[in-house]
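The chains carry the letters A, B, C, D and E, assigned in the order they are written, with residues numbered from 1 in each.
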Amino acid sequence: LVTGCGSGDDAGGGGTLVGLVTKTDTNPFFVKMKEGAQAAAGSTGATVQSFAGKQDGDNQSQVDAIENLIGAGAKGILITPNDSKAIVPSVDKARQAGLLVIALDTQLEPADAADATFATDNYQAGRLIGQWAKAKFEAEGKQAKIALLDLNPNQVSVDVQRDQGFLEGFGVDVKDKAKIGDESDPRIVGHDVTDGAPEGGRTAMENLLQKDPGINLVYTINEPAAAGAYEALKAAGKEKDVTIVSVDGGCPGVENVKSGIIGATAQQYPLKMAQLGVEAIAKFAEDGTKPQNTAGKDFVDTGVTLVTDQPATGVESKDSAWGLQNCWG
Amino acid sequence: MTTPVLQARGLVKRYGRVTALAGADLELLPGEILAVIGDNGAGKSSLIKALSGAVVPDEGEILVDGRPVSFSSPIDARDAGIETVHQSLAVSPSLDIAANLFLGRERRRRGVLGSVFRMLDRNGMRDEARRQLDALGIMTIQNPGQAVETLSGGQRQAVAVARAAAFGSRVVIMDEPTAALGVRESRAVLDLVLQVRERGLPVILISHNMPHVFEVADRIHIQRLGRRKAVVDPKTVSMSDAVAIMTGAMEPPGQFA
Amino acid sequence: MTTPVLQARGLVKRYGRVTALAGADLELLPGEILAVIGDNGAGKSSLIKALSGAVVPDEGEILVDGRPVSFSSPIDARDAGIETVHQSLAVSPSLDIAANLFLGRERRRRGVLGSVFRMLDRNGMRDEARRQLDALGIMTIQNPGQAVETLSGGQRQAVAVARAAAFGSRVVIMDEPTAALGVRESRAVLDLVLQVRERGLPVILISHNMPHVFEVADRIHIQRLGRRKAVVDPKTVSMSDAVAIMTGAMEPPGQFA
Amino acid sequence: MSTTLSQSHSSGGNPLGGDDTKRSPLARLQHLLHSQATIGPAAVLLVAIVVFAVLSPRFLTPGNISLILQQVAVIGTLAVGQTIVILTAGIDLSCGAIMVLTSIVMAKVAADTGLPGLPALLLGFLVGTLCGLLNGLLVTRLKLPPFIVTLGTLNVFFALNLWYSESATIRGTDMPSLLLWTGQTINLGGTRVTYGSIMMVVLVAAMAFALKNTAWGRHVYATGDDLEASRLSGIRTARVLLSVYATAGAVYALAAWVLIGRIASASPQAGQMDNLDSITAVVIGGTSLFGGRGAIVGSLIGALIVGVFRNGLALAGVDVLWQTLAVGVLIIVAVSLDQWIRKVKP
Amino acid sequence: MSTTLSQSHSSGGNPLGGDDTKRSPLARLQHLLHSQATIGPAAVLLVAIVVFAVLSPRFLTPGNISLILQQVAVIGTLAVGQTIVILTAGIDLSCGAIMVLTSIVMAKVAADTGLPGLPALLLGFLVGTLCGLLNGLLVTRLKLPPFIVTLGTLNVFFALNLWYSESATIRGTDMPSLLLWTGQTINLGGTRVTYGSIMMVVLVAAMAFALKNTAWGRHVYATGDDLEASRLSGIRTARVLLSVYATAGAVYALAAWVLIGRIASASPQAGQMDNLDSITAVVIGGTSLFGGRGAIVGSLIGALIVGVFRNGLALAGVDVLWQTLAVGVLIIVAVSLDQWIRKVKP
């Protein structure tokens, strides 16, 4: 289980040292990412050493990790920032030291603070589930009452992009696109934070339900939060009447889509992010070439697919069987 | 010669660099009041702590009724019938008087409530406490359900003394039981000591108060520099001579009983 | 009639439902040793706590040299020249002897080191402590740089007494200074009390030890149930009468000086 | 200078009886509250409930009350273990870590090896008890302050949790249903209550009984009150402490079971802040951090107070931010009030 | 039954002098270590450094040492405030929250209103000091245990931080450069060291001086040793406590400055674990949680020990998981060792 094997080039055998700094050690998404990086390292002859924040939002541990990686002689760093703004100066430092820094999953602010970003188009991920929900509600002729289960109060880029993307996809005027919660649409019952974890998801859902038991559409930042929200709905006997949408496409999440717990999820590809990341750093170590962004975007889009078993017209999607073949974790 | 009820031979106890006991002996004969006197730091408390299982001596042996014993905790000494009133009192302030009297030997209810649910026999213990306090008649404690922390220093002392007197079946040891007490309260404790002897129990009494010691003691053990310097008879040795031996100003008579 | 150095009139102090002082008076005349005796809980400590600023009485007044004062903290009393040895000792175990002697009145170095950097004059204080301890000559304390926690009970007592004796400029108060002390150590403290009087300072001495009280006191204040029951002259009143008044067994003579 | 003292006081010995006539209404109230130990926290809870009931008509519905019970079930259960530790003048920073570790053990062993529910559960209890025992051994053998011991083991248990779980969540569908049972509901007088909530209440009652009515309970209080005095009084204090930490560990395992039921999965992500939350509940509930004083029921009330505040403020549409602020103020106010009530001498 | 006691002991009064001849080499070592208070933690640090230097050639490079200093600068600075609080037998759970709040105040006031660096900095110090003062007032006036007070204010300050920052990170580019100065480096003998690291070391030296050589320092120790005894000895204990909490608040503001320089931004999410981390440093450094015993230098060493472990293990390629485990074990081992050393009576 010691994922960092050997110690960079000191270890003799190992080639390029690649650092991986994830948000936490406990979200399966990042665990998958670690595995993906490890696998890619195997094929490129690189060595991966991983670090993580103590909890979602912990910036300081990530700063320490970057410095330790610079000190350990890493050639490049892959990072999912806990605080997309506050980490930027440390990233600058690494880049000045000649390392290639690639943001995974969550963009830095500004995005070009990293040499490259391999991520889901989080805005698009949000918009997909928003559009799907809009189509579904219109088809059923239902008036939506929306609960939004966000990440944390820190207005991190993924959090903002998914939330605002969802609302826009649903046809809500989001006002400031960089700010959660400044909307005034009456269909929104409220926002609450979950830390992207089940317990947080459940409590947030319970409290919003108390505020308005008529909630029938729930957006969740990720699938762990969605799992918690579902438990709250089930306990309130409302699981049949409420549609949950989420982002992730992890295997447990897609199973939930299959069994109808989650209406639709936007599947992302962490293994790919990690794999591309390791390969890019290996290439950079070899000949100094840096990865190019996807045309027209300020990041490399690792793709996002809407997974649902209730396809809606005008929104492209795949079914859960496909989702299960492509899921992670 | 009668076998001592409690005997210590060559006890040694070191605390870091300090040697509290440097080969101390002690004999307590049946039915007697043995006073232990000595300067501050002479090792009196250390000696009785060893006898009561509160500390384990580094060397030496302890005999009860002539048989060697080894006390590894206060419970062992208590099981051997030795009850002690420590200088620091050892009561639990937030518990009530009855609870303190029965601490560590609580009674359980009869029947399943006691055997399965392990319920305490509160009322039984309270009544018994009432009886004990009345029998000893030492202090005006009105309610055995009162928390010990609400008692005055003298009353607390009384609770500790009552506990030892009530449960001691072989020896009662008291370490400066009157140090903080007023004249009247001290009198009551001394009467209690005499009363315990009347019941046939021998008592070890540590005190700095010479008039008290000479009033009640049958023999006086003089402790000095961690050892027994002498044992004197209060009827034949004067108070000032005892103090002189204690402080090293005078050598004890060559032979002491 | 001479003005009392320290006087209390009608002091009342309540703790919740307990009335520790129920209108207590006290007069301390210049140059005298005034003993205060009384049962446990009679309010002796409460009385001297009020006199030393440790507690603020609910009612009543305190006069120093005939002028009313109001002590809101021990510092006020100290500034008025009143030094106290409390029953609980009030020393700081982890600090050394010199630091304890000068606690709250530390000396600073001369020059900028003292005025700007506020540096303590360690050596100066240590030498002065050495001098004070020697002058009092009460105990074999070898090194004023020793931490108080490494001292025996008697030695700690000595430090507290030495502090009061050294710094008291108007009154020295001692609350049961010999309670835990051995015969020799008690003797030293009593000698010290006499020595302080020799220096012209009046002393208030609380004690349960009647022989001690009758040996050194000029007058005896008898406290009972939170009040002054009587003031007696040890040369004219017997020990047993004093005790009888104290315990309520006898009424005091109608007039007392 | 002569005085004739009229002896007006009833001579009930010392301490002198004071006169009750001068007491203000406030002081009377203080005395009233003092007569029952947990009445202080209970009063705070009552006031909070009344205020929120007025603020929001939804608050006092049976459904919402059942919800609050569910929300406090994990912390409330942890607080039972935390209380007995604090009663011995200890503190347990590792409670959340033990809970998460045991929840992962229960769930993962069953999911990986197909072990049925009961043995998986028992294994979890064993692990929890052993973790507690380790704390107890370090406290009694090395004589280290409990704060330090549990600060250390907090890290150790959390690392073991990450290692054994491989940082992966175990889904409810992969576990035997017994592990999820605490999340099931039962109809009690028209309201659906989870077995987890009921278990918490039963646990509180059982522990309150044991503390009040058994010799063990007395020894727990005595040990916390004055360790050395208890030892000299013939209490096997090391054994008492060991039993307390081990029992606390078992209680945390129970909390793990409740947690699994609540989130219908076992997540290594859970419980990281629960140590301070459980201490908060205990402290608001009136148990002294210095040991020897307090009651289990108080801790339940303490957990409920926090739960009611969070839920009530959320219902009233107050932002999380102000909920955090309110909890902070609440801690200080509740403990001050309790202190004020306790100041009265009986 | 006669005995003639030969008075073999030198009659140095009591306590009796023990004989030194029987001591084992281990006991001799114990005595040696005992003579210097911080030598225990220092020994642990030295061993750790030697081990890691052997494990990785990169470890003992000037660059890496400067890096470790940087990494511990925030916790090390916080630990200075935490130490003086713990010396008074208190504890400060709110230190991280005060630091974050002041860092946000400094940065946001400057960013929003264009206030220059110096006044913004001073405003931050004012806020930090006031927060500390509030803690002190609650401790001295309401006589609440510091654990409870700071558990409460931790929530309050954190909420204020979220409120004032609107949960948004302030970038370094939007602040006056003075606020970022602590992150600048200076060349010291060929190695680049940040001003933040230097400031921490200077602060440690200054506080160590004040504690050792001023009356205030003595009063801090005495107050922590025995509050009532100190009061009766004529120390204004309430004033000492107030000054300690207020000074600690100012020190946390200094930590905030170091933090801003370190991450070149001010983030409202920072510092949430820093309370336990700073306590860990203090405790490993040999200061007693019961007050009255310990030293500032020890806390710096304590912070360095944790920093060296994390950095060294990372350099050796050990996973964070095992780093966490190591820190847990370290806490227990370091404190046990220290306790063992202190057991010797002088």
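Rule of thumb we're sticking to: a residue touches a chain if its C-beta (ideal position, glycine included) is under 8 Å from a C-beta of that chain, and two chains touch if they have at least 3 such contacts.
Here is each chain with its UniProt name: B, C = Fructose transport system ATP-binding protein.
Treat the numbers as computed from the prediction; the structure is a model and nothing was measured.
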Starting at chain A, how many touching-chain steps does it take at least to reach chain D?
1
Partner chains shared by chain C and chain D (touch criterion as defined above):
B, E
If you average the CA atoms of chain B and of chain D, how many Å lie between those two points?
40
Quick check: how many Å separate the C-alpha centres of chain A and chain E?
37
Just how far, in Å, is the C-alpha centre of chain B from the one of chain A?
72
Distance from the mean Cα position of chain E to that of chain B, given in whole angstrom
47
Mind pulling the chain A residues that touch 2 or more other chains?
1, 25, 54-55, 153
Interface hub residues of chain D, defined as touching at least two other chains:
14-15, 162-163, 321, 345-346
Set of chain B residues in contact with two or more other chains:
39-42, 152, 154-155
Which positions of chain A touch chain D when the two form their complex?
1, 24-28, 30-31, 54-55, 153, 190, 192-193, 195, 197-199, 202-203, 206-208, 210-211, 224, 227-228, 230-231, 235-237, 252, 255, 329
Residues on chain E engaged by chain C in the complex (per definition of touch):
12-15, 209-210, 213-216, 218-219, 221-222, 225-226, 228-236, 292-293, 345-346
Touching chain C in the complex: which residues of chain B?
37-42, 152-155, 176, 179-186, 208-211, 243, 246-247
Contact residues on chain C for chain E in the complex?
52, 54, 73-75, 78, 84, 86, 88-95, 99-100, 103-106, 108, 117-120, 122, 139-140, 142, 146-147, 150, 152, 154-155
Interfacial residue positions of chain E with respect to chain A in the complex
56-58, 63-64, 67, 70-71, 74, 162, 167-169, 171-172, 183, 262-274, 310-311, 314-322
